[in-house]
Amino acid sequence: MKKFTAVSDVQDVNQLVDEALTLKQHPFQHSIANKTIGLIFFNPSLRTRMSTQKAAFNLGLHVMVLNIDKDGWKIEFEDGAVMDSGAQEHIKDAAKIMGLYCDVLGVRTFAGLKNRDDDYNEIVLQQFIQHADIPVFSLESATRHPLQSLADMMTIKAQGITRPKVVLTWAPHPRALPQAVPNSFLEWVTKTDAEVHTAFPKGYALAPQFLDGVKVHHDQNEALENADIVYAKNWSSYTAYGQTPKVSEDWTITSESMAPTRQAGFMHCLPIRRNVIASDAVIDQSLVYQQAKNREYSAQLILKKLLQNG
Amino acid sequence: MKKFTAVSDVQDVNQLVDEALTLKQHPFQHSIANKTIGLIFFNPSLRTRMSTQKAAFNLGLHVMVLNIDKDGWKIEFEDGAVMDSGAQEHIKDAAKIMGLYCDVLGVRTFAGLKNRDDDYNEIVLQQFIQHADIPVFSLESATRHPLQSLADMMTIKAQGITRPKVVLTWAPHPRALPQAVPNSFLEWVTKTDAEVHTAFPKGYALAPQFLDGVKVHHDQNEALENADIVYAKNWSSYTAYGQTPKVSEDWTITSESMAPTRQAGFMHCLPIRRNVIASDAVIDQSLVYQQAKNREYSAQLILKKLLQNG
Amino acid sequence: MKKFTAVSDVQDVNQLVDEALTLKQHPFQHSIANKTIGLIFFNPSLRTRMSTQKAAFNLGLHVMVLNIDKDGWKIEFEDGAVMDSGAQEHIKDAAKIMGLYCDVLGVRTFAGLKNRDDDYNEIVLQQFIQHADIPVFSLESATRHPLQSLADMMTIKAQGITRPKVVLTWAPHPRALPQAVPNSFLEWVTKTDAEVHTAFPKGYALAPQFLDGVKVHHDQNEALENADIVYAKNWSSYTAYGQTPKVSEDWTITSESMAPTRQAGFMHCLPIRRNVIASDAVIDQSLVYQQAKNREYSAQLILKKLLQNG
């Protein structure tokens, strides 16, 4: 594996999930000597920051963490720019340099939600891949969050349900959020044996390529009926890009919302706005901590593959 | 030991101090494999940050440092809150997640000095203890700083004085400071064989539970007479909570203030405002660097006990 | 070696460069056990931060990184100051404490460009050296950047040119920058067998002590003729200290500027303002990444010498 940024970087999703669940049984390996991982953050991070460090420790790697905007220099992304104003270093040089000191590089770069083409072309992540000369993986990019998705697939698989009905539902949030987590979840879960549904208010359709093979609902109750897994997440509009069209119905997941399911497991990538996305009662007996713990092993497996080029 | 947040978490203070002084002779142990410590800072830190990392290195631990407000998300502390405004993650979830990736967690959370009940109930630290499911220790909390206090006890013990007269004295400072260090010092030193005095201007009495067994003075000169140890520290008012009532006398410790002592050792937890808390002359021939160095070993002993559950 | 802050700390520059190029062949050594390096940043850093960490990993050191102004306390530098306003900790105490927990200390402290005497007396770095009681090295100080210079000498030496003509040229930049890199480059390169030239607009002469043995030009074209190495860098005025007198000619290095050279290698310490200091075409086929990669080995060699006191 040369990079890990989308499900398309993976040959066989189901085999990868099985490998990750196996690794989880015996994570301490220290099998890789003299390798250094760089974790580059353009945005805040708690789970990703900690779980990826932990994964690196499990493998015996050295870790460098860089909050690039605070610790380093302001970065220019435009090719050919005359850099006579704010930006102090071009991504060409920054990424190249990081590649000189590290053996693998993780990058977190959220969508700006201003320019859809820039975000969906992944201009930041792609420049790291182009210039770093070492394997690059996503710590959540503008349009995807594959380490989260792999952890999510592990969590669903561990429920032991054959052909589970999995429902991704939009839920409310006070701010405009990227589509990375729902996009990513759908492109992974549709590669498993799950029957995949999604529910969102009108105006919140995800990009068409992520809805392939997914049954779409605009009525949350209808979607949740007989669900085995309910994955809640907020996102802003893809069509009216980055906007948050007004929603009149109540999309918060409560015990009542969960009643028509088959005692479904509730999932969310965290951080979660309690009593906005879902009620305390739903979250407190959910799968969210299993998901979070699986982040350690999804990161560890991917790091191992990237460093062993396996 | 399951947690280390107050002297009440310790069975035998004098034995713990002896153990720490013994450990100081041979600190490099690397006896604990595959364990990770998380250091969570809500507030600035230099000594605590560095000494606790060093202690972890001495034990062979992996270390993750998180400046939670800058690196991660804004935290909600109220149970049942509808999180539709600023806070992005509930402490329930943040603490639980940190507990998934770490084996022991240190937390620095200063008093807000707005609401005395909130501070004295240690609402932040207690939620970490409640939700993290791993041993938690204080890197200074709203009302106590036990790693400092253990280092302080080591420093006093190393003076080799039987039944030393120890005087904690208030000293001036331009800002309102918490009562954590003086509270903690008193609850530890009263467990040793010391004769414990404290001096502070009227209006600056500490909470009654910390003054038990302590002789109180309002005249600094009187208190310092024949002292073996002078521990200076500023704190804001407990009764007029967080306020700084005007003080007319000069409480700065100078060579003149130290004259009536038995050539007392001067102590302070640092950082110290030079020529405000105490004069350069006093600080430059003091015990403050011994105290700071002992922080490494107090942290190492506590980490060892927390991880070995000894 | 007790400190590494200027070329005067080195006995034999050419031998040091050879040692560094040899070390580069087999960097993984892990030869130094139980040692901790502290990296203290008063200013942003990417290359220095990452390359020095990597060097420490190569040696098996433990690393603590402190962004002192964000992670710790506001520092007072004036001896005898009455600290009743902003500064929370005196450099005397901060440096002393860091020396208690670390075995070697790197410090980055840029010139303030306000007071030339303060900058050229290196008041921050000198206080670290005075108070830390352990070896101290520069991660770029007010007037010098020796780890960069050693890496630069390695890069020039690796070109294999006998008595190369090396030209340091001023180049444009939108902000006032310190003189540390050009000062340092000149005091190192004049110790090698190079024929050293420099070109800068009138008003931009460096401090006289750095121009000793250097042929000065005010015409960039003239200076670059038959050059083997072109080192570009911006700096602000030393005489009108920290000012940026207007420059009417175009000093940006382009392919045209490089034409009269002997296909010279282009060098810059990075970060570089592309199409301001030099054009994309020049940078893209330059030695800048070799320089950056050599930072890892220059740091490693110096760390080894400081820790082995060799």
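Just so it is clear, A, B and C label the chains in written order, and each chain counts residues from 1 on its own.
The rule is simple: a residue touches a chain if its C-beta (ideal position, glycine included) is under 8 Å from a C-beta of that chain, and two chains touch if they have at least 3 such contacts.
In this text, all values refer to a predicted model and were calculated from it rather than measured experimentally.
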Identify the chains in contact with chain A as well as chain C, in label order.
B
Under the over-half criterion for shared residue numbers, do copies chain B and chain C use the same patch or different patches to meet?
different
Give me the rotation angle that lays the C-alpha atoms of chain A onto its copy chain B, rounded to the nearest 5 degrees.
120
Rounded to the nearest Å, the gap separating the Cα centres of chain B and chain C is 39
In chain C, which residues are in touch with two or more of the other chains?
70
Listed in rising order, chain A residues that touch chain C in their complex are 33-34, 36, 38, 62, 64, 66, 68, 70-73, 76, 80-85, 88-90, 92-94, 96-98, 100-102
Which residues, counting only chain B, touch chain C once they are in their complex?
28, 41, 44-47, 49-51, 53-54, 57-58, 67, 70, 174, 270-276, 280, 283, 288-289, 292-293, 296
